[in-house]
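The first chain written gets the first letter, and so on, giving A, B, C and D; residue counts start at 1 in each chain.
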Amino acid sequence: MLLKHFLKTRAWTEVLVKPLETEDFVVQPAEEIMTPKWHLAHTSWFFENFVLKAYVPEYQEYNPVYTALFERFEARSGLYSRPTVKAIFQYRQHVSEALALFWKQLNENKALPDIMKRIELGVHLEEQHQELLLADIKFILGQQFLRPKYIDKDAPDTGWLAEQAMGWNEIPEGLYTIGHEPEGFAFDNEKGAHKVFLAAFEIADRAITNKEYLEFIEAGAYADQHLWLPEGWDWVLRNKAIGPLYWEQVEGSWQYYTLEGMMHVEPDGPLMHVNYFEAEAFARWKGARLPTEAEWEAAFQVKPDYMYSPVWEWTNSAYLPYPGYRSQAGPLGEFTGKMKNGRMVLRGGSLATPEGHWRPSYRNHLLPVRQAQFSGIRLLR
Amino acid sequence: MLLKHFLKTRAWTEVLVKPLETEDFVVQPAEEIMTPKWHLAHTSWFFENFVLKAYVPEYQEYNPVYTALFERFEARSGLYSRPTVKAIFQYRQHVSEALALFWKQLNENKALPDIMKRIELGVHLEEQHQELLLADIKFILGQQFLRPKYIDKDAPDTGWLAEQAMGWNEIPEGLYTIGHEPEGFAFDNEKGAHKVFLAAFEIADRAITNKEYLEFIEAGAYADQHLWLPEGWDWVLRNKAIGPLYWEQVEGSWQYYTLEGMMHVEPDGPLMHVNYFEAEAFARWKGARLPTEAEWEAAFQVKPDYMYSPVWEWTNSAYLPYPGYRSQAGPLGEFTGKMKNGRMVLRGGSLATPEGHWRPSYRNHLLPVRQAQFSGIRLLR
Amino acid sequence: MLLKHFLKTRAWTEVLVKPLETEDFVVQPAEEIMTPKWHLAHTSWFFENFVLKAYVPEYQEYNPVYTALFERFEARSGLYSRPTVKAIFQYRQHVSEALALFWKQLNENKALPDIMKRIELGVHLEEQHQELLLADIKFILGQQFLRPKYIDKDAPDTGWLAEQAMGWNEIPEGLYTIGHEPEGFAFDNEKGAHKVFLAAFEIADRAITNKEYLEFIEAGAYADQHLWLPEGWDWVLRNKAIGPLYWEQVEGSWQYYTLEGMMHVEPDGPLMHVNYFEAEAFARWKGARLPTEAEWEAAFQVKPDYMYSPVWEWTNSAYLPYPGYRSQAGPLGEFTGKMKNGRMVLRGGSLATPEGHWRPSYRNHLLPVRQAQFSGIRLLR
Amino acid sequence: MLLKHFLKTRAWTEVLVKPLETEDFVVQPAEEIMTPKWHLAHTSWFFENFVLKAYVPEYQEYNPVYTALFERFEARSGLYSRPTVKAIFQYRQHVSEALALFWKQLNENKALPDIMKRIELGVHLEEQHQELLLADIKFILGQQFLRPKYIDKDAPDTGWLAEQAMGWNEIPEGLYTIGHEPEGFAFDNEKGAHKVFLAAFEIADRAITNKEYLEFIEAGAYADQHLWLPEGWDWVLRNKAIGPLYWEQVEGSWQYYTLEGMMHVEPDGPLMHVNYFEAEAFARWKGARLPTEAEWEAAFQVKPDYMYSPVWEWTNSAYLPYPGYRSQAGPLGEFTGKMKNGRMVLRGGSLATPEGHWRPSYRNHLLPVRQAQFSGIRLLR
């Protein structure tokens, strides 16, 4: 079943890049955006490095420079035309085949549990990259002068519509257990379930819609320093921000770039592509606030049906290790386990999250200035 | 009694700058350092703007450009030679006298409670600036080629010595009330006392000493990327850091700049002038971690005698609003109340904190790269 | 004959990019490097904008965003994956065909002389871009981890070898006429021939070879501040320069990237890819100096056979207008005529200059830090 | 007589700083501005280092850190409050007295000619710094919010008025000798007199006035990209330039900061504080151009009475070595002789140039963006 999961995941990544032109695979229009080529290679490099090179004695490294190019996020990946896109597809196929072959001989392997764990981790990382890939593709295409479409219909960023006015769910005071309990897969940062006391609160029964956020824009929010955290206001000025990423005013009406091309802003669509500063300022302006990540997870425990979300929801929690956090030792721990400073946690998954990838304990995290992910807002009061 | 507190505080600020030369008042050797002149003026501007201009109808603004120069932290304050230092002392005296005069007529004033609150707030802000002033003076003098002394003896950064090996205090699991309860003065960010559940932990019975931190340095910490958070390692490289601020190797032995001039590093002295990245890396290297701010405050409730500290102690909590946080409305709220993004909380006060200024709920907060405050480390396991 | 020149030039540009992969057309590994795609489009845009749109009433603009993308040097051209490379080849063909068609109807056109002049100018600009294109291709391929070859043999940067030791030619004192005299094509900046008095001098009878420059490197030049102009030394430090662009020490011997891939440095090959600071420092170190551009041109008048060069030779003349310089009025003048500040003049053409493109009055000019062109050194004493 | 010149120069430097407050000596409001304290110290360091330390065996270095602080232009000199201003005056006095004492014993010294040359050079350097000091003082005071006066009347930047409309002088074609001929003092960069052939030209009989430049401003020059060199336009945008340095529009009329405080712009006063880009754009807009430095010097030979100027006049010559240029060997050559890249030459002296300091061959030179010197425009056609 893991092999099937592996093969399905590998295939799905390639489905996602089908609509691209060769040129789209190599440009990097912002330092924090990775090229599609890099995503394709990086997710293969993981299996090559941590499974094939580690456990298959006769395995020959595919190309020694690939580690330098594809091991880490690389702010200069947009400088590299070589290896070509075609070469990277060959690399993917090579790795997938080698791993499938290895799988057949795996039964007798004494390291079986460890190998399975690594393959499972790699599959989850590749799923994670599928959402990043989609966000990066949207950014790359959205930067082009002609705003090309990614697909013609059923894009992940266009389907969801709010069906009714926003309501509130009451979550009672109490001790809640937060974090992943030891069953099923989870990333290291979710582990170490622990108790958190929460006072009673009310949480919105869905994410904010475009219409609701438009009121904020039209109230002059992007020109009113008082509504923003100091660094948020700096961000507004520096970027001459007038709204969420991809929003433009075209002849007096709001449009945005979607994976289906430019469209009029859908009033009942989920607000997407706001950063933490926008989320925080909006919540305060509404007389509410953002949930902490513990509040978010507790709300899921009490009212799960209302917490599935079309967007990742910014929380008011900094990304910090849970009390019992321990990163794995060695290079794998180095690869997956380092906490990163200055990020805020997002919860809830999104329409772009691959099916089956998300869990209620999932901790997404981003620098507070980032808008390019499918990120939105849920209110708490 | 408030007037006495006011007058004493005003006087003490001036005592602190007595040892300076005129030139020391105007230079700004780093963007985040404020000039002593600015501190002197800013703390006067508060009383002029929020008390005298607000409540004394006949009060004439001392100089209309002072708001532009002294209302806010100003990254370019080191460009201004004028007004002169002498002019700022005159401004201080003018404001102090006008306020003392106003005080005499205050009894009949209907706004008395509000006025009292503002004066009280101003006094606490000035006390806060006294510690910042001392840290900035140390930085300014410490940057000079000749490393002049600030005073000859009894400097706040030289007295304390650890008397014994570090031990651990047990703090039991339980629900603790964190934050300032409504009695006595507190800044807005401490208010909104709330319950926090904590698992049992052990916390060190004193702050880390220089000797203890030297082991970390001598183990090669500043050359080992694996020990650091990614941004911490970036900081090490960018600054070619080899130890805490003010530490130098002179002919094979460690010396540091103190307010009494260059000295050999005192092994039993409190480790000072480390940033969050250094504190976090050291704690992890010791197999321990930093406390959260709730853990710190709970420990104070259980074992207060052990929690008084010669240094501000970095916690592993981001500086974020308490659940019930509300900033005051209007310009005063704007002035005092804005949360700031990306900072980490420090707890515990320091030898440079003015007497009577600190409370257990006190939340100091700094960007994680900052070393210039009197900041150190306490471990938790 | 002009049409033939036009068609041959258009075709040659496309021959030059034949060896590239699609991906190589879109990356921009340094701000001053243009993508091959941009070169292909820009040289077409010239004919579309200044000939077809200006003189063919029924001509429909190919795509209105192409002016925004391709009119000017664009520091962000590496962000654009669209239009695709294929689309740009179609654009080229469209423009070439439209111009050839227009040519047939040209005889009766009253603006014939002006139209001919513009086509001629466009052809010379495209030729100029052919050399830039080659330099940019070399830079792009040279930045790749695997250093792919551009061609297998007979690359423009590998053929020339010095046949003998450097000698000196005497150029007598006198009044020389410098600049282009009104016959044949020249760019605006060469026009305005004028007399210059020159004292007698001796000029080297060929460009410097790699072997000669290696002595400078091996004498420790890149570690000796005294040999450099202040800004040159800043450049050395900032770039950790150890030699000309593309030079590397591989296991103790010097290699360089050429259009045929990595090679051992050919001792008798022409020194290439040095910037002005390197040229100036080398000349001074040899007890000589660089020629001024007037000296260079006078030397060509006296000893033409010795002045043909495999590399553009840095002169010690700033790029400034000749006394009688007038730029053309209107948008064409704006396009071609603006002097640029802070550049130094290079003379002599190179092995990469298209045949027939160069004249003795030709003024190439570059910022003094640039190494990516085929630039070398000739000495004067 | 040299001693007298020395003593007079030393005294005059101190007269120039009399009007300053202590604080004015230490601030550095722009990276290229030196603090008055630095000027005072640097000009003393020259005599200490190149005369006293070099030739007086028993001389004790005043303070070993002064070389680090005062040898070179120092972009961070505004960080140093110590040594105090008072200490620097003591240093000046110490050096002056030691040199005067040394002078008395000089007759028997075998190195007399060399020593005399060094003292003479030092005196000329200190004179040069007197003008720089005045420009830096103007900049420092002009940056203060309250725009304090330097002096009450007879400031060097306010006296001169044009008496009549601008006319033109004809300078005939011919061979002119440019550069300093070996008699009297000159800096190295003026030496190496050489012949230059010039075509006939007409040169304005005085510098441009404020009124003449105002026409350029009011014609919309600072909003019209077409009038500027590309880098000039970048400068306009980056600095939001609306006119010369110190010019402001106050309630609809133009005022400027002078050493006597804010004043209405004097129509017949000399245009000052423009940079090369402004000078070059203005000249082109007038259908004229800037002279080359050879043209300027030739004009002085033909019509000296018309070439004395209240401002340094930007030429269209890059600052490059004369053909026969040789810098002196050793540290003194290193100190005085290095050519600097990217600068343009200014000719003519100014009202701020100390009496007797200037010669017709004098080559001032500045980066083309600089406005802070007393720099203006003379036209040529």
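In this section, a residue touches a chain if its C-beta (ideal position, glycine included) is under 8 Å from a C-beta of that chain, and two chains touch if they have at least 3 such contacts.
The model shown is predicted, which means the values in this text are computed figures rather than measured ones.
Shared contact partners of chain C and chain D do not exist in this assembly. Common neighbours of chain B and chain C, listed by label, are A, D. The chain with its Cα centre farthest from the Cα centre of chain C is B. In this assembly, the C-alpha centroid of chain A lies 37 Å from the C-alpha centroid of chain B.
Per-chain CA centroids place chain A at a distance of 58 Å from chain D.
Work out the mean CA point of chain A and of chain C, and you get 46 Å between them.
Shared interface positions of chain C, defined as residues touching 2 or more other chains, are absent. Shown are all chain pairs that touch, namely A-B, A-C, B-D, C-D.
Every residue of chain B that touches chain D in the complex is listed here, in rising order: 21-29, 65, 68-69, 78-85, 140-141, 143-146, 148.
Across the complex, chain C is touched by residues 175, 194-197, 199, 226, 229-232, 276-277, 289, 292, 316-318, 320-321, 323, 334, 338-342, 368 of chain D.
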